[in-house]
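Next up: some structures, all given as structure tokens.
You will see chain A twice below: alongside chain B first, and alongside chain C after that.
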Partner chain A sequence: MSAVTALLRQPLVVALILIAGLLWLGETLSPGFASGQQILRLLIVAALLGIVAAGQNLVILGGREGIDLSVGGVVSLSAIIAGNLMAGDNAGIPLAILACVVAGAFFGLLNGIGVTLLRIPPLVMTLGMLGVLQGLLVVVRQGIPSGRAAPALADFVSRTFLFGLPGILWLWVVIGLVMAFLLNRTVFGHRIYAIGSNEQAAFMAGVPVKAIRIALFVLSGVFAAITGICLLGYSGSSFANVGEQYMLASIIAVVFGGTPLSGGKGGYTGTMAGAFLLVILQSILTTVNIDESGRQMVFGATLLVLMLFYGRGRSMRA
Partner chain B sequence: MSRLQLKGVGKSYGATKALRHADLDIEAGEVHVLMGSNGSGKSTLSKIVAGSVRPDTGEILLDGKPVSITGPQAARRLGIAIFYQELSLAAHRTVAENICLADLPSRGVFVDRTALEARAAKYIALFDGVTGDDFSPDAVVQDLRADQRQLVEIMKTLAGEASVLIFDEATSALDRAQVERFFEILRDLKRQGRSIIFISHRMDEIFAIGDRATVIRDGEIVGSRQIAGTTPAEIISMMVGAQEETATVADAAPARPAGPPVLSVRGLTGPGFSDIGFDVRAGEILGFGGLHGQGQSAVLRALFGANSPTAGSVELGGKPLHPKNPRATIRQGVAYVSGDRSRDGVVSGRPILENVMPIHYLRERMMLANPSALAAKALPALQALKTKFAGLGHPISSLSGGNQQKVVIARWLIDRPAVLLLDDPTKGIDLSAKADLFSLIRKLAGEGMGIVLYASEDAELLDNADRILVFNGGAIRRELTGAARTRFNLYQAAYEAA
Partner chain C sequence: MASIEAPARPRSSSAVKRAFERYPFLPALIILVVLIALNGWFQPRSLSLVGVTGLVKTYLALMLLAVAQTYVIYAGDIDLSAGAIVSLVNVVIVGVMAQWGGDGVTIVAALAIGLATGLACGIVNGIVVAALRLQAIVATFATSIFFTGLALYIQPVAGTPAPTAFWRTYGGRILEIPFVFHVVVLFAVLLAILVRTRLSLRLLAVGDGQQESYQSGLPVTAIRMGGYALCGVFAALAAFCITGDTASGDPLVGGKMTLFSIAAVVLGGSALSGGYGTVVGSVIGALIIGFINSLVFFVGTPSEWQNLVQGVAILLALMAGVLVGRRARA
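Up next, the complex of A and B:
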């Protein structure tokens, strides 16, 4: 009995049970919801969220109120840069990827510098950056949809690539393995947990606290940029504020997966499950005809409920 | 009749008896000095009188009537005011507001600014001429110097117009003129028939202002003396205790052959200390002694790079050391163990293994963390300290305090540092862990490491240090070597005029 309760305390186990439950619920509401083809489509959407949530996960793990609210802006920016650079031509893909990753890293670097060297709270810094990015998008595009995905990119996201799965899912798996390796088997990973858990002790043990925190924000920008490119492949062209939804969703996926907002514990495997769970929930809400604003309300409420269960550990003690 | 009487007052924290069966009489119109070394129970006693600590046993009488001091508010209503050693000011409010903080004059729900300023002005005027530049009723406390903040805290205590006033180290940051003025005010209060409990670590001040002195040792009241009829030597003897008056250094610390200097410090100055100079030789345990907070920790942290010194030079093994941050000093072979392990040492929630490895990661510039290879490094280091743990993967928070501290120390044993700085390393750990720790330290010294040990427990210093530098007021006042390393000499140096 106690083994069962201990198991139920594991956020990953809870998330997997909820995934099964929600799939069953979806199937009941709308037969065919949990068909193989449909689950594959949900996984692709989950991969888009899961990749941006990897960066969010890293920033949150690093502690000191770490959070990146600018990811949505970076996703939109990246989708637009990629769309315009490739303009429907496969030859433009390498340059587009390079430009997007550099742009994501650049805005992540600015976030990191603002948070560490200028001591601006992450919430304020990244929210400000989101505002800058949104303004920049309006100026660049002047409201006109532009850019088209290259055919190879669209295939990468939706066509079967290996063992019946499209390339983006393989990319997600690789990112999952890299994240697990990074967090558990590298000095960098151990240092992320150390600064998230006790920054002062980490400093006293010679951990370069600021450099690591900057690196986390840079990685968050890069992951958001990758999601932006994939999102272009998914939707074919980039449209207004295509990445906006990822800000709240990436945070929920991380918290769902068992990484508290106070940082220092958790990991990416749970976040992957959290991303899938959230996408299923979103799909069920669409199935029962709840519109975008309704879904946002459900997401916001979900985050608040999650905070009640997982999020409070550190702040309650202080 | 006594103004304040304590009868059989006792207080325990867990197994530690902070105060046992204390009887104390404070007369009206006297300055009563409390004396005792670190952790003897002085502060516990004053906190009980001020209502911030509830006693377990005993009773307190005010003007002959038993009273129950249920909290700071109750103490204030009974006419008891306390100056807190850790200042209790609101940093972002003005001097005037802070002085009247306990009892803001009001008109309805609003603060009556005119009355507030008038009342504050009365107490500020007491220190007219010694408050220094930029001191005004409208100045924000945060912008003031340390001595000015201490004056505000004194004014705030006076503003309570209490009949019993407790000053717990109220003069530590003040200059001579400020202390003189403060004493004039205290004499005035005495003439008004008020009672003052005065705690200070400066023997000259105690003899300048005190009427009677009561000595506390290990939570017990040793005795009281009229100041006019005693000497500093007698007071120190009472604090040391008769049985230890003639005790010299235990045989546990035989003189070791001194090697070449590994750490040379010259003219080191920074926040909380000035012009510190000493050498640590290879194979030597150099003790830092004196009362709490006289600059010992600040010097060690500055040498480690945790806070930056403003002047001075440091050499490690003949090469200049720039203690810019811990990262830089660790690379050059400096090690530091803090007594505040939950703040500076333990990464709680993470496995024991990750808590042992960070120094090795840094010194070897490692990128990958292969658990089995790391375990081979971690286990001998943990075993050298007889650390008890179930597995390297278990969280460090599952260990006892003593074992957690052993894990934190073990991280320095994988790559041997040239010098080991110990900043009160045994704070809050059990006796057997202490014994393991000190036997390791002596072994490391025997192998040629230079060790600096600050210990707030004098016995640890006397038993282990080859030489003791006694700190007072942020400076080294005396060096005790050989047979001069006695508890008596240690206390005398610690309490000398700064």
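Up next, the complex of A and C:
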């Protein structure tokens, strides 16, 4: 019995059970929901969210109320830059990727500098940066027509690449493996947990706290930029504020994956499951025949119920 | 340690420090005065009675929502659903007024129902965050989705007009003084009363140290719920102002205001970690956002650059506020 309880305390296990349950529910409500083809489609959407959530996960793990509200802005900006640079031509892909990653890293760097050197709280810094990015989007969109995805990029996201899976899912798997290796097997990873659980102690032990925290924000910007590129491949062309939906969804995916917002513990494997869980939930709600208002109410209420399965704050009596 | 260092410091510096300690919103006030001066410099008419009335009419809702957010932030919590509550109350009161006809009595009844709606939303937030102990950021995001769904259920698309009597009053004058200034005075009196209440002090105490407050016998859960309830009520008041300004119901009208309300609180010198802040600061913060937006317009920024310049200006003001506030307190 206690082994079962202990297993149920594992966020990853909880997420997997919930995923199985929701797939079963979806299949019951609309037969064919859990078919292989459908699950593959859901996984692609989950990969888009999961990649942004990787960066969000790192920032949150680093603690000190780490959070990145600017990821949605970076996703949108990256989708627009990529669309305009490739303009439907495969030859433009390398330059587009380079430009997007540099842009993502740049805004991440600004966030990191603000948070560490100027000691602005992450919520405030990244909230302000979101405003800047939204303004920048208007400027970029005005001057140039909205671009189109290169055919190779669209294929990468939706066509089978290897063993029946499209390229984006392989990319997600690779990111998952790299993140697991980074967090569990490298000095950098251990230092992230160290600063996340006790920054003062980590500093005393000689961990370069500021450099690491800046690196986390840079990585968050880069991951958001990658999602922006993939999102362009998924939707074909970039449109206004495509990335906005990822701001809070990425945070929820991290929480559903078992990384508390206080940082210092958790990991990316859970977040991947969390992203998939969130996407299945949204998909079920679009499948069932209720109007938009009912869908939102059920979605909000379900999120609250699911949160009860995860880390509730400790009771003050304890 | 502070007492050992204190005599070595020059007198003037400690006087400045004390002023900052007593009035944490001083840096914000300085930024505001500079912004007002710049507005007057670039467009003298912006400081005329008509100009100021227009600005207050537009930003009164944000001032109220910033105050709403402040009470939650006092206790170290946050409310990402504040804007959704504004939307919900907006469609509720417009719906009730349209249903019952638009005369004076129904308007008052509609506003009472609106206040109750805001209060109910605040209590829901309080239950999920304080009683169920979910993480405030994600939990209030979930409730914001729920409240938005409810608003969409009541009124699926924007456009139901508010009764003429309602917006005419909001935009009109009483005894030759614009109505909004009467509201501002009432608002100031209300805040002055609330500052003296036990709840304000207790929210700050909880924000300063939750565990310590609990151990010294404060009903922490009830206090945090009180903060969210107060937030809901002020969000409803903000919705009244939005309705007076836009004269119609829109189920998504408040969505964009949430993040601005948080920015306004931070601009006003309150600490997001809780335990430190003033509502006056948040009102000043909301005005800073308003004056930045109008200044960007008055200096003749090309329209496509306006959002970027506003974003950069607000980010810089946020950073300046945090830096100056900390230096003053250190």
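In the analysis below, the second predicted complex is superposed on the first by the 285 of 318 C-alpha atoms of A that agree within 3 Å, B and C clash if a C-alpha of one lies under 4 Å from a C-alpha of the other, contacts with A are read in each partner's own complex, and residues count from 1 in each chain.
To be clear about the criterion, contacts are C-beta pairs under 8 Å (C-beta built on N, C-alpha and C of every residue); 3 or more make two chains touch, one makes a residue touch a chain.
Nothing here was measured: the structure is a model prediction, and the numbers come from that model.
Student: What is the contact status of A:V102 with respect to chain B (first) and chain C (second): first, second, both, or neither?
Tutor: A:V102: touches no partner chain.
Student: Check whether A:V207 is in contact with chain B, with chain C, with both or with neither, and answer first, second, both or neither.
Tutor: A:V207: touches chain B, not chain C.
Student: Check the contacts made with chain A and report whether chain B or chain C touches more of its residues.
Tutor: C
Student: Can A:L117 be said to touch chain B (first), chain C (second), both, or neither?
Tutor: A:L117 contacts neither chain B nor chain C.
Student: Could you say whether A:V187 touches chain B, chain C, both of them, or neither, answering first, second, both or neither?
Tutor: The first partner, chain B, only.
Student: Check the residue A:L177 against both partner chains and state whether it touches chain B (first), chain C (second), both, or neither.
Tutor: neither
Student: Would you sort A:L130 into first (chain B), second (chain C), both or neither based on which partner it touches?
Tutor: second
Student: Which parts of chain A are in contact with chain B and also with chain C?
Tutor: none
Student: Across the complex, what residues on chain A touch chain C?
Tutor: Going by the criterion above, the answer is residues 65, 67, 69, 114, 118-121, 123-125, 127-136, 138-139, 142-143, 248, 251-252, 255, 260-261, 291-301, 303-304, 307-308, 311-316.
Student: In the complex, go through chain C and note every residue touching chain A.
Tutor: 78, 80, 128, 132-135, 137-139, 141-153, 156, 210-211, 214, 220, 259, 262-263, 266, 272-273, 304-312, 314-315, 318-319, 322-323, 326
Student: Which residues, counting only chain B, touch chain A once they are in their complex?
Tutor: Those in contact with chain A are residues 304, 306, 325-327, 330-331, 336, 338, 343-350, 354, 357-359, 361-362, 366-371, 411.
Student: Show which residues of chain A lie in contact with chain B when the two form their complex.
Tutor: Chain A reaches chain B through residues 184-191, 193-194, 197-198, 200-208, 264-265.
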